[in-house]
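As written, the chains take the letters A, B, C and D, and residue 1 is the first residue of each chain.
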Amino acid sequence: MIKTGIVGGTGYTGVELLRLLAMHPQAELQAITSRAEAGTPVADIFPNLRGHVDIAFSDPNDASLTDCDVVFFATPNGIAMQHAPALLEAGVKVIDLAADFRFKDAALWEQWYGMTHACPELLAEAVYGLPEINREAVRDARLIGNAGCYPTAVELGFMPLIENSLIDLERLVADCKSGASGAGRSATVGLLMSEINESVKAYGVQGHRHLPEIRQVLTSLAAQPVGLTFVPHLMPMTRGIHATLYATLKNTDVDLQALFEQRYRNEAFVDILPAGSHPETRTVRGGNNCRIAVHRPQDGDTVVVLSVIDNLVKGAAGQAVQNMNIMFGEDEKAGLDGVALLP
Amino acid sequence: MIKTGIVGGTGYTGVELLRLLAMHPQAELQAITSRAEAGTPVADIFPNLRGHVDIAFSDPNDASLTDCDVVFFATPNGIAMQHAPALLEAGVKVIDLAADFRFKDAALWEQWYGMTHACPELLAEAVYGLPEINREAVRDARLIGNAGCYPTAVELGFMPLIENSLIDLERLVADCKSGASGAGRSATVGLLMSEINESVKAYGVQGHRHLPEIRQVLTSLAAQPVGLTFVPHLMPMTRGIHATLYATLKNTDVDLQALFEQRYRNEAFVDILPAGSHPETRTVRGGNNCRIAVHRPQDGDTVVVLSVIDNLVKGAAGQAVQNMNIMFGEDEKAGLDGVALLP
Amino acid sequence: MIKTGIVGGTGYTGVELLRLLAMHPQAELQAITSRAEAGTPVADIFPNLRGHVDIAFSDPNDASLTDCDVVFFATPNGIAMQHAPALLEAGVKVIDLAADFRFKDAALWEQWYGMTHACPELLAEAVYGLPEINREAVRDARLIGNAGCYPTAVELGFMPLIENSLIDLERLVADCKSGASGAGRSATVGLLMSEINESVKAYGVQGHRHLPEIRQVLTSLAAQPVGLTFVPHLMPMTRGIHATLYATLKNTDVDLQALFEQRYRNEAFVDILPAGSHPETRTVRGGNNCRIAVHRPQDGDTVVVLSVIDNLVKGAAGQAVQNMNIMFGEDEKAGLDGVALLP
Amino acid sequence: MIKTGIVGGTGYTGVELLRLLAMHPQAELQAITSRAEAGTPVADIFPNLRGHVDIAFSDPNDASLTDCDVVFFATPNGIAMQHAPALLEAGVKVIDLAADFRFKDAALWEQWYGMTHACPELLAEAVYGLPEINREAVRDARLIGNAGCYPTAVELGFMPLIENSLIDLERLVADCKSGASGAGRSATVGLLMSEINESVKAYGVQGHRHLPEIRQVLTSLAAQPVGLTFVPHLMPMTRGIHATLYATLKNTDVDLQALFEQRYRNEAFVDILPAGSHPETRTVRGGNNCRIAVHRPQDGDTVVVLSVIDNLVKGAAGQAVQNMNIMFGEDEKAGLDGVALLP
């Protein structure tokens, strides 16, 4: 059994991680910390866990996280970097669900996240936790910067096109739609039911933190600079991301459907839908899947990729468990074979 | 492995049954029938099942349901009664998720369902499929009339009070709230997003078909007639039932909290919340649980019971699987230990 | 033109009051105060008002509210009572949308609201602002305690039955469902989209502040004590209240439909639906109407009244404008003749 | 008073037209037809109209539409073209809310709508009903093809850029999000609450009927061919369209904010938000406004325009009334000055 710990489990990625670990046949939850909720049984805050998770939150200072095999950070940006060095030194593997270890360039991270990085020396070693790109590196990693939610949907959608040099890299567009859980469980007027329900809006058009993350990954795939316009939108729903990707094909003779199917034929969690399909976010609700459809409208030279994930699963907690499975030599699908909940 | 078949799997209870059976360690799906969709892969209609359910719908005439150990009817009322006798004769057990076998009194059924019953002689044998009431009978049954969704939430909430003769039986009130999936997947204007969203309404106040079903069960528990007012309401959501039950206590000296906890302490799927709690339907979304809180407002003589289920799971497909588990001597929780999806 | 002022207009009742006053032919907005938002144009916070409301929030200390004919308090409980005496002395009429002036009994108010009342001597004079009960008193009032949202729906539904002594007053039940906007626009985890969406729950079963308010009014109508169980529920929607009322008839010979129609035949804002109807909250969204249907299920002795309002209009801002119209001798419907928005 | 008639008023554009006409100071509803609902009072189907609209649906054969000054067709595509010639001949003006008269090229229309056009000879005369483009032509028109919902949001967003030759016309992208009411009030499984709620999907990526409509208008504005990729998405809400538009600037020295403000400074219904804004669809719910923000992310050469409307108002019924006001010399804002409903 893998002994797991969670730092900061009172948010939505935390409860989702708890749900997945509770159903995982090879994982065992040793400790979960929360300064604010120390002493409170986890299931008091998230009653869906009653009967499945029996432990209480413990104070970060009291928790013996060093006894764990792996510690997940389901904390805001800037927390994991303060604690990762000591845990790594104690031989504990670390998976950060926030952004502290997603960037190779500390200066870039500091510019977008507005903080000084506490351990920039670890960035070279840290592995970007998107298994479909980095499986081998994940296998050997001590430290994972779990891929972001929007980035997962966008990168998996663009990857086959970039790897095969099929598109003009100067002008990519990623128009993304997310449910409200992606913004977290913080007491903010902008996240109230009465503010979000029955409305759609874009946000962060001038620059969202997932832009440099996606750009870094696509640039690395392309081995050249990539020009990307990324516009996230807030949807009146709780879970789900729908990325709609636009690019100009350099060559329209390629069978895009076959290309995508081929690229992902061995990937358990990436599902290429039949030609002409339109994936719905509800088909991945609660599941660790990314479902993708590829279109070339009116047989022109614009390719449109539709890519959906559950932001809390393949976009966060599920991906973290997938990374853990790989790191510990388990079946990559262990604990992740639940069928998405529809309707 | 239990060989299972499903008749009529294109509705919401059908897809939920498929989801649960796909994750069940001891069940195997042999056939699923649909006249309208014969030949279509199940996962084309419900893409959440891609990678989990590989079979296609077959024509009811071609399906060899008699090879199954058990056949579930996820059909409209009036279908199972036409096919159950032949299946039973062939040694196949039958679980009807509709109402054909829920009533002991054929005339009462005919009055509320507007049809002549095709096999009233089976009603005496048929077992009302609510394990928390009828576990022993379910164990030996060939034919189950799976309890309805509203009835499950209401009956589990009233049961401890009635069994202990604590309430005035003349004037029970069950004010129930359901998500839209309870009304099924039929092309009806009244079920459109634009009709239901951002609105609440009662319906069937003059008489809903679940009224006689609940009355039959409560009367049986009480061994005397029960006067019940049942008002269902349609909520702007997909899944979930919240039953709010009102009764007058004959005796206010009883510790209701202890009574409910005691009654359900051995029930895996009934969870009595701590005193003062208010269960949320989302805490059972996708799970087979019924969560209950019991209140006596202002220490008066009115008892208020709050009871929540997922109408498609404990109110339909999950309960059917629970019944199957009991009938075949499996662990009652097999395939039903998934954690509810929150948020 | 009536010169109006608003204290505290950054909440949902505030923006609704602004919307209604902006369309009112005889009202003019002089000032709106908010300490937190002083200097910010109102339309910056509520962009739906762009082009309709041009003024900015002013600091409460700077606002010359004494120049107004009437000042509305769209503030939390406990604010209006601190400022009303000075305004009244200056000849300004006051309409409080919170609860400070709804109770006749200061001790009862203090018990439920947990504060010492700042001006209990005004409670005798203050008029409970529900025109259908108190129209004449409203006409002559200087100070209005605008009726609460749940109380409006419940009181209008029970009133004809109580006025005609038709029901057993010992055991009334009001099972109420509200959208999230009724809980206000405060940064609270419990009000987040991801907490409320796709879920239903009861709250405050042990005692909600609207219970004593409703009890006071029903007791006054009945001229004797009334036993009421009131259970509010939070719905996954923004606007709307649906009250489902249960009572035992002392006499089943009365034509309830005719009684309700007769009682409200001269009321512009109370609409009795045809027999057998089920009102939907969306039919009053944005309108100042209360729509009511009355049922006697299975011709028994239980009466069920279904009563719907928009909690922000007839349950708050619309009712406040209706009261203002009466106080200033305007057409009671002035500014309130908008058709509800459906779908 | 303008005497108005409506053909086919049982859909969502129909009820919205009724709502707006009921509040219009210069319009009077003479007749509304529906074969299916002949004899039924309009307010029985749409109870929000109770007390505002007293007439019943009449049979199309019996309705004396020729007595009207103007007849609106709120019918499916292909109906207005059958009746418009006779009405025009009788001196009645016609506003079709469907697509029969939006195209200049009958063959193009026939290709996308799959029908033979019944009166192609009227297409030259018919005026495309988007006043911000065609105000003078609308003033003199007998026959209006009211602009579509997506087209209105997209065309108003691109117009200033195209009129000023600022963008590369070869590769425009319009990523659009709509609420479910845009798909109409027809009994279809795909439009059920349980299918749409809590999910997002694209549809019609291979070719949606609004693509040629938008292309026709943009091509006309540009006086040269325009390459457009248009991807509509279905949102889990009822009302609202959010168009996110992407184009490459040929010149980044232009002050886009000033340009947009200048272009629309005399337009009552187009509101350019301050620089850096993100319009929300709820700020136009029930209002006839289009709110637009223009962005140039990271000061690059991609322009992003965010444009929101209420699909049933500025995208359908409100625009039809606006056109009527212009055609009859009324104040363009008559009956359209309602403030959008927020929250």
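Throughout what follows, a contact is a pair of C-beta atoms (placed from the backbone, for glycine too) under 8 Å apart; a residue touches a chain by one contact, two chains touch by 3 or more.
All figures in this text were calculated on a predicted structure; none of them were measured in a lab.
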Pair sharing more residue contacts (C-beta pairs) when A-C is set against B-C: B-C
Chain whose mean Cα position lies farthest from chain A: C
Distance between chain centroids, defined by C-alpha means - chain A, chain C (Å): 45
Between chain D and chain C, distance of the C-alpha-averaged centres to the nearest whole Å: 36
Centroid spacing, where centroids are CA-atom means, of chain B and chain C in whole angstrom: 39
Residues of chain B whose C-beta touches two or more other chains: 12, 179, 181, 194-195, 197-198, 236-239, 279-280, 282, 285, 343
Contact footprint of chain B on chain D as seen in their complex: 12, 179-181, 185-189, 191-198, 236-238
Complex contact set, residues of chain C against chain B: 171, 173, 175, 177, 179, 194-195, 197-203, 205-207, 227, 229-231, 233, 235-240, 242, 244, 246, 248, 276, 278-282, 285, 293, 295, 297-298, 300, 302, 304, 306, 308, 343
Of chain D, residues touching chain C in the complex: 12, 15, 19, 22-23, 46-52, 181, 185, 197-198, 238-239, 271, 273, 279-280, 282-287, 289, 291, 337-343
